[in-house]
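Listed next: structures, encoded as structure tokens.
There are two complexes below, and they share chain A, which is joined by chain B in the first and by chain C in the second.
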Partner chain A sequence: MAIADVKEYTHLTEEEVEQIGRELDAIRTEIEESRGAADAAYINRLIRIQRGLAAAGRVTLAVGTQSKKTRKPAWVAGAALLGLAKILENMEIGHNVMHGQWDWMNDPEIHSSNWEWDTAQPAEQWKHSHNYVHHQFTNVLGYDNDIGYGILRMAREQKWHPANIGQPVYNAMLATLFQWGVALHDLDIERIRKREKDPKEMKRQLRQILRKGRNQILKDYVVYPALSGRNWKATITANATANLARNLWSYVIIFCGHFPDGAMHFTEEELEDETRSEWYLRQILGAANFEGGPLLHILSGNLGFQIEHHLYPDLPSNRYAEIAVKVRALCDKYDIPYTVGPLHRQYGQALRTIIKLSLPNHMTSSDDPAPPQRSDTANEPSLDRRRKSDEERPPRRVELGAWTRSAGERSHD
Partner chain B sequence: MSTTVPWHRVRELGSKLTTPLHPDDYLRLVNPLWTARELRGRVEKVVPETDDAATLVIRPGWGWQYRHRPGQYVGIGVQVDGKFQWRSYSVSSPPERSGRTIAITVRAMPEGLLSAHLVQGLAPGTIVRLALPEGDFVLPDPPPPRMLFLVGGSGITPVMAMLRTLDRRAGENGRAMPDVVLHYSSPTPDRMIFRDELHAMAERHDGLALHELHTDLDGMLDLADLDRICPDWRERETWACGPGPMLDAVEAHYEEAGLADQLHLERFSLDLRGEGGEGGTITFRNSGKSIEADGATTILEAGEQAGVGMPFGCRMGICHTCTLRLVDGTIRDLRNGDEFGQPNEPVQTCITAAVGDCTFDI
Partner chain C sequence: MDPAPLPFGERDPDPELGVPVPFACTTSYAEAARAAPSIRQLDHRRVTQCALSRVCGVCGSPLGRPIAFVGSPAEADRNAFHFPPCHLECAQALLDAVAPVDVAVLGQPETVDAWVLTTTAAFEYVRPSLEDADRRPTFEPYEVLTSTR
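Let's turn to the complex of A and B:
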């Protein structure tokens, strides 16, 4: 079921909701005031490690594959190092820097306005589709394109179509080619299909994707293989493996954020006159955490603290663990559902939903947890799931880090 | 650095390997000075000048241009508690074509967090960020035959670069030191930066006349005394650098005499004399924050109040670190009243205020 009013769903009074908002604001202030040298050292150290891993992976592949004796171990080590570097860059560094988590350092080299990440999606488009659309309208049907990414049916309120039967296959393809799925995300496939997309804007975005995607492909599949001389084939397969590993890993982590059973959807009514405190509640109800050790959390960009990330997308990720303790205590105090489980269970639930919702609703049962209190809107279809047009949404971001683009390109936009 | 290697071509090729990053992003991890993306420098020496002032000798990294003009200042950025803080200081060393270092002289201000940090807290080996030299408080080449310098306190630093340049030229190719009068005010002899060097210089050159004034004992310079100290001051091109009130007095004195044209001033504080804006709601689009600001509050201050991670540098309109894209609306430069309002125009936020509602891309 989709929630039309978070207050009603959590049976909290207006005063209680506002109090929760104040307490969550206080947590933010505390972290903001305690950000300092140790946090700056953390991100700088991580960037150093990540670039070291990437360089080590490239060198291992170029040099180690030259001799027949070392070829196999070098291939394995090189692919692993490179895959790890790509995962760290995309998850804990790129995603979080682009959220502005490190803007407070006033360091132009680690700033949301000009970070460009190691994947096909141009940073500018990511900041629109993710930072703005997804984080502002989290899990609101018809607003948040991340509910199934326009490819999968992930909510019972979304209308079933015979094409949905293929969902398990689409899902496997999406997982394998995840970076390209992400690259096309901001184009908004559903709007293109319905011919609602401004053709000029689409052309501009496509040009941007092609330019970045071309450089990414050249790097991994032409330039580095060429540098490996006659062992170019080994380098190509190792680089493809590293990219595949990154694709699968980021796919799993991202599907654990909003698709496990406890993460709820919302109807448009919730957005009406939504206060900041209600927005906070929607973030808690719409996200799901997973458990793990420090290493797992770093490799997943601290998105195991998805709830905390959604409450405070621009606070430094290395602080989410300590924030989670406080948020959880607050949720216990007010009986607000807080979804958390081991990684395999969270992903298992997401996978089950993908498979179940490939069929029409009447053939499957709902896995939604019982709400804290019965809501009037349970199992009623939502009213208007029409997607918003560009005119109805605030203007989009057109700026990308100036240093990644030539003056000529800038003037086109 | 050799000029025969086409470095930009090499970097361009390298970037095919490091895309979407730049080769410098990797190389700086090998040696912090091997990057031209953000200018960096290594502190080589910290030379104490007085109890509260020190000279930092800095070796700049890639991308630095040593051709600063004597009298110009550079921006220096230091990470304090994880956050880069920027200030501008005059270069006190003379420009050298073969030079590998620059020197800045800093006095710790009682309330100045960063200056105290620079004077006491910077160990040799520390990496700092740098901004290229700027400023038009400079020594012309060739210098005018007769000059007057009016200096108060740490205002000596840009003048020192000019004097050292004149001194070096006199030594190198026998060009005589022009006729220079330096009037230097300082609270006590001990607090006088470069005192010994200036004495030695005055001894070497007949053309250089040094007047010292110790204001704790003898009071501030009364500009009416200028006729006595330097009877021909009206015929001299003049450079004045020091505390704000002193510069105001000098400026008024020269304007009264109708000689404003031959006076050069260096102010190290923001002078917001232009008309304010009308204020309005400032929206920060990427972070989704907004704030009401009046016409006297700078965009930068407003953004910081709203909790936006605003980039900033000198906070006085010189270093352009704070530049953001103005998506929509109009803003006014508080120094001179100029308005900016083209869509997507990059603007400096530290010296501008809103004229009506406006939106920024951050």
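Let's turn to the complex of A and C:
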């Protein structure tokens, strides 16, 4: 839908939108004022654990594969430890440090300016493509390149092309090679094609990617295997397995953030003079959470609290769980859709969208979201909730996703 | 046009005032890109880009530590700056260059007689709210480390 229609869609008056903004500001202030030693201890401990896991994985592979008896279990344990370490480094540490979540500590190392992460994309390019392009233009078609990563059609508003039939295959390739897909993300082929990127900048970015990619390959496929002596092959396959596990995991988590039913896409209108409150509202409508225990949340960089992350990308991730309770209560109070579900269901819906949208719109049914029903308007004539065809719907009111409200939460069954 | 980062001294000068034009004042709009660069105004997309990509408002390359802010005494007193975060050296070079200029520059509403340079480890990027008379985002340094006027 057009950004200009968000207020109407949520049945909110301008004053209500501003009030919601003030309440969200208050949640932010509360966290900022209570941010301190306990939070610093959390990130320091997590980094120690992550480094311990990585070291244990590398040592297990180098030493354990030397004897024939321990070779197999050492390979499995080494790959698992290393995969876990890479997942923690990318998700809960790297992604969040680069958002500036820990800058307030004034730590020389744990700072958005200095952190370089264990993946192929250079930190500088990630901070542009993710922190700026994705977080500022969240789910705005034509701006946010995270919508399908330039290769998948993820919104019905995107024009169908015969090449989209291959989507299920492209999707599997993207998931498998995710770190390399992300590495090329900020090059933004579309901007190069439209000559919106200075050729000097393109070359600079390419050099950065080649240097970082080369270092990553050297580390995992040359240096550490060499340290394993004659069992270098086992180390190579274990390192490749760890990288693959990290790729699949981060792909699933990222696709659960904005593509389950209920997470909306927007068209550009009025992006320019959006107020803070309207921006907040767009973040809530454009993101989707998933449920799980504390370990699942840590392993996913607390991105199961995607809505909270989008509202406050620079607040420490270990606080998102408590923020979520307040944000959800606020959404209930104002009848704002708050998309949440178990991880498997959220990913299932994203996958269904990928498969559905490989076909032209007229061949698939649209998941038509009914606008939220305000309790104070519940007695008014009910809205037409019949599923409409694309032709029946006014072009500016088409969105992705379907949901019905039940007990303050959207259910997607 | 997405430009490559460029040190302050090597940037194109403002044809009217002769001062190199910092990254945050260059336009991000394709249609306006051919207009002469000016240090009078900030480009709001560039400002947001600096805030979120965490790049210097002067040279456009990734920020370091500490993070520097330049502004008027009023902005420093309110702890809310309009010019995006910078490298310390870039901020100093920028202030040296604009100090002798006696027109309003860098998005300021009027000429600034005594610029302030503030350093911090972290900042908050504050989007404008409906009641703000000045509908531009601001930067609030978290814990001022140093402030020189």
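Throughout what follows, the second predicted complex is superposed on the first by the 359 of 413 C-alpha atoms of A that agree within 3 Å, B and C clash if a C-alpha of one lies under 4 Å from a C-alpha of the other, contacts with A are read in each partner's own complex, and residues count from 1 in each chain.
Operating definition for what follows: a residue touches a chain if its C-beta (ideal position, glycine included) is under 8 Å from a C-beta of that chain, and two chains touch if they have at least 3 such contacts.
Quick caveat: nothing in here was measured; it's all calculated off a predicted structure.
Taken together in the superposed arrangement on chain A, chain B and chain C clash. Touch criterion met: A:224 reaches chain B, while chain C stays clear of it. Looking at the shared chain after the overlay, A:76 reaches neither chain B nor chain C. When the two complexes are overlaid on their common chain A, residue A:111 makes contact with chain B and with chain C alike. Contacts of A:314 after superposition on the shared chain: both chain B and chain C are touched.
In the superposition on chain A, contact is made by A:273 with chain C only, not with chain B. In the superposition on chain A, A:136 contacts both chain B and chain C.
When the two complexes are overlaid on their common chain A, residue A:100 makes contact with chain B and with chain C alike.
When both complexes are overlaid on chain A, the residue A:127 reaches chain B and chain C alike.
By the touch criterion defined above, A:21 reaches chain C but does not reach chain B. Shared interface residues of chain A (contacting chain B in one complex, chain C in the other): 32, 100, 103-106, 108, 111-113, 127, 131-132, 136, 314. The touching residues of chain A, counted against chain C in their complex, run 14, 18, 21, 32, 98, 100, 103-106, 108, 111-114, 123-124, 127-128, 131-132, 135-136, 191, 196-198, 200-201, 204, 273-277, 279, 314. Per the touch definition, chain C reaches chain A in the complex via residues 1-4, 30, 48-49, 52-55, 61-65, 67, 121-131, 135, 142-143, 145. Against chain B, in their complex, chain A makes its touches with residues 32, 35-41, 48, 51-52, 55, 58, 100, 103-109, 111-113, 116-118, 127, 131-132, 136, 212, 215-216, 218-219, 223-224, 314, 394-395, 397-399, 403-404. Chain B contributes residues 16-17, 19-22, 25-26, 29, 37-38, 79, 81-85, 285-288, 307, 309, 311-312, 321, 324-325, 327-328, 344, 361-362 to its touches with chain A in the complex.
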